[in-house]
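Heads up: the structure comes next, in structure tokens.
Which chain is which? They are A, B, C and D, in the order written, and residues in each are numbered from 1.
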Amino acid sequence: MTTLLEVKNLNIRNKEGQSLVHNSSFSLETGKTYALIGESGSGKTLTSKAILDMLPAHLQMSGDIVLQGEHLQQLSRKRWRSIRGGQIGAIFQHPEQALHPSIPIGRQFVDLMRSHLPVSRYEAEKQAKKMLSQVLLKDTSHVMSSYAHELSGGMNQRVMIAMALLLKPKILIADEPTSALDVKTQAEIIFLLKELILDTDMSMLFITHDLLISGYLADTIGVMREGKIIEQGSKENILSAPEHEYTQELCRHCSQRFLGKGEIPYA
Amino acid sequence: MLRSMIHRLFMLIVTFVLFSLFVFTLMRLAPGDPASMLLLEIGAVPEQSIVADLQKQWGLDQSFIQQYLAWAHHVFQGELGHSFSSGEPVLSEMIERLGPTSKLIASSFVLTLFISIPIGIWMGLNEGTMADRVVYSMTILGLSIPLYWLAILLMYTLGVIWPVLPVVGSSTIRHYILPVTAMTLVQSVYFIRMVRSYTIQYSKFSYIEAAKTRGLRPSIFYPSYLLRSMFIPILTLITTSLPSFFGASIITETIFSFPGFSKYMLEAIFRRDFPVIQGSALFVAAFIFVFNYMTDLLYFLADPRVHLDKQRWEV
Amino acid sequence: MLEIQRLYKEIHGRPILQDIHFGIEDGESLAIVGESGSGKSTLAQLIMALKQPTSGHIFFDGRPLPSKGILSYREWYRDIQIVFQNTGSTLNPAMSLFQCLEEPLINFTRYNRAERKHKVLEYWGKVGLNENLLRNRPGKLSGGQYQRACLAKALLTRPKLLICDEMVSNLDVLLQQQMIELLISIQKEQGLALLFITHDLTLLPGLCSNIMVLKEGKQVELFSTSALYDEAERDPYTVTLLNSSKMFETAWNQWT
Amino acid sequence: MISIIRANKLPTAALLYIILLIITGLAAPWISPYDPFHTNHQQKLLPPSIAHPFGTDYLGRDLLSRVIHGTSESVFPVFIVLSVVMLIGLLVGTWSAFLGNKLDMLMMSLTDIFTALPSMLLTIVVVGFLGFGMENVYFAVILSWWAKYVRIIRGLIHDVKKEPYITASRVSGAFGLRIITRHMIPNIMPQIGTMLILDVSKVILTLSGLSFLGIGAQPPSPEWGVMLLDGKNYLQVAPWMGFFPGFMIFLTAASFQIIGERLRRER
């Protein structure tokens, strides 16, 4: 099991010097899924943006991010272009906002493909359709010709997954991909992700606030609160024997909601 | 779509009528009574009887509204009366002088666009770099340079110390160089800043950021992703800044004694030539309102989905 | 105390609330639970007279819902106060925290400056906040502190009924527990009636004596909290609310 | 305080310059070396020298003292004009934010006249009919600027009306005027203040520009625009006559612009 991506002492500070992410370190193994759990404002999304070097201009980042021996902070724009989309794919919480509103989806697939590989327009379209069918979208030619606002949330997310995996990246970063969807679609997308990851050696960084989903998808779990990774370990240890008080509260809260049969704490 | 275009047309007419009412009231407020003013102007003694007939003839004794309606009736059919000083019909005098002014405005307008849009976009994309900060601080100073002072400096350097360019008149192309340069410099400072802020704003949109995370090639990313979405705001900027070029042309034409429409209008003030002032003001206002209406129409044809709440800024 | 009778509300022709009917007595606490879009926030706004119902009535100690006249509104707000979810800023960012809390006292009471200062300090301590925070702007507070400040502001005029509209939804799990405990202690101490609006059923045990479930603007059921977990009696919709992620049950049992 | 000054040296310098300017304007009669209106034909058109740092004009008047006396003619009126504009903007803007849409439409077309048309055109029409002199020029400038402030303040009030703290203020018993004065206006003042400072810079240019065109202040007033006009006529012979007043206009306008920019970046 080789380490694909190593994040060491990641610090993100804003202009006033407040640290939003503090000394966070973790690593992504090939073929394994790492779930980063935290509530809103805990800095988990910032961490994922830092990996892709997409932090907003007013934030300063320090620390070391190494992708298979390559230090990501010193990369040139050109090298970054081949890594983003090529080596690291990304999907986000609001899929309809991640697609250009006035360009048909098919064209966006072709643009993506031709930015990384010297393929003809026809070849790119064929690849795109193959990918779209892999994400269980039936009428691919209809999807290719429609716009982002014409598709449902679930379908848009499937398009985003197809786009992220189009160039067979080594790492997939999923930043709360299902929190904006209704419960039923949420489950479909989670099952789809599990399947797509299963038979490849791709690693996934899954960011969520939902303990249940990460329990289902992840091999290792990291719990983040107020910018610090307070606890990290295999899924079994974290869920059955959490050390940190906050993680215990998370598990209790989740099991009560889930099981419904837990004892009534303050009867 | 059609309903709101008719609504806009109605609004345009209401606005223009309000403006003409405003001009008319100002005329009525003018000190001195026009009849005796005219008599003095042409050297006759303003006896009571003659003044009274003139007032009657011009209907000055009727109520304010009746006077306005009578006046508006003439004006809206293009009869703008005769200039006090030259006695020529105002309309023909204005049209004669439109040539040089429209050439001046058009050339500096186009030049400003060609200079400012590329620089603005380039600065927006390199936000925060040293070059961006240097040029940005230059634009801060640029906004504070008075056009008339800049024109004098240009006139001094290129007309006095190293007399290469003509400084007065508008007969040959070379006469246009100095005025156009002055206007272009001042206007493009404002344009560069606006285009830069649009570029910064639009490159932070979610779908543009997402496109970056997919590592699109620059030759694909900039033209068809970033610039395509910026087309409407830049078009708005262009159409809403035309009136400010007219404002600048008044100063430029005066300094370089450039015999255009704006200079003619300004001189009318010194001669207190009411018909000319009134005629040119209404003409310019009509042109600007119709121009704005045309651009609204253009938006609807280009992209009906566009939501029309443009900011109308003026330098 | 609070009577809601056959309440209907339509916005742009779309029915938001249909035939809502319940009451709250002195010192009692009722929770209103429903997913987003079930109309629970609209209900809170109707009770606070920020919106007028399409039909139906709301009474408080016999007085009807105010619709015109500042005095009737003031009278109503003296007895009922609300703490919002605070997605935006519910405290005036241009004022210091002291001025924010002083506002209800200025409008509802004729206390002089010293009495107001004393009252503000008393409640500021009651919600467990440090005194020297009062000088700076609301923007400086953390999420938990902000909601405590809003709670203090709502309690200053000793209302009879306090409405909490998704008050803790933005806080993280630990802070939620602390806020619930604070609410429980204040409710006991002041004999305050409570209307707690939320989408998360797990917060309610110990806080509210009764629970009303809303679905797409209609009342599903009203029951005592102790009967929350015996699924036989509960309406199927309430059960789904409880076990929101049934699909993962099998997987969950494996790991723990 | 020191750190603030060191952080932004330029705005502090600009602020010092403005304070100095206002002091010289107020104390002009005492500190100006010569009487600005005293003509002396022996000393006509002298270049800048120790005796006359800014040189003398075609009537032998000392340009430095004329510039010093010109401050109260060119800068102070701007503050008066803009405070009137601001007052109108606040009253009419706030009032029109609460109008029904019929009246609102009329107000919009009324303001549309004055925002769509260049202020120079409006000024020419006003001065053309009502005659020269500073009062008419001030009236003309107020006329062409009030609409912009009404529009902006109306927009700001509309945005503020939707804020949660306004609903919260109603619930804490504030109504009508109290909400507007205590809760709405204090929250829109920062934006208006910044805009005002930037507009001071624009109006200085406009006022001097009008005097330069001969519409505003009339000779022998030491107003900078008038001095610039004289300078233009003597460009070949005495360029310094035109340079110094123009430079003062530029310097004053630039310092307000610099401060305004710094405040805008603050938000």
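In this section, a residue touches a chain if its C-beta (ideal position, glycine included) is under 8 Å from a C-beta of that chain, and two chains touch if they have at least 3 such contacts.
All figures in this text were calculated on a predicted structure; none of them were measured in a lab.
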item	value
Common touching chains of subunit C and subunit B	A, D
Between the pairs B-D and A-C, the one where more C-beta pairs touch	B-D
Approximate Å spacing (C-alpha centroids) for the pair subunit A, subunit B	52
Interchain centroid distance [CA atoms averaged], subunit B/subunit D, Å	21
Rounded Å distance, subunit A centre to subunit C centre (Cα mean)	35
Chain contact graph, described as a line, ring, star, complete graph or other shape	ring
Inter-chain touch pairs (all)	A-B, A-C, B-D, C-D
Contact set on subunit A toward subunit C in their complex	39-42, 183, 187, 212-213, 215-216, 225, 235-236, 239-240, 245-246, 249-250, 253, 255-261, 264-267
Residues on subunit B engaged by subunit D in the complex (per definition of touch)	11, 14-15, 18-19, 22-23, 26-27, 29-31, 140-141, 143-149, 152-153, 155-156, 159-160, 243-244, 246-248, 250-251, 254-255, 265-266, 268-270, 272, 274, 277, 281, 284-285, 288-289, 292, 312, 314-315
Residue ranges of subunit D touching subunit B (in the complex, touch as defined)	105-106, 108-110, 112-113, 115-121, 124-131, 148, 201-202, 205, 208-209, 212-215, 225, 228, 231-232, 235-236, 239, 242-243, 246-247, 249-250, 253-254, 256-258, 261
Of all residues in subunit D, those that touch subunit C in their complex	163-165, 167-176, 178, 182-183, 186-187, 189
For the subunit C and subunit D complex, residues of the former touching the latter	48, 50, 70, 73-74, 77-78, 81-82, 84, 86-95, 103-104, 106-108, 150, 153
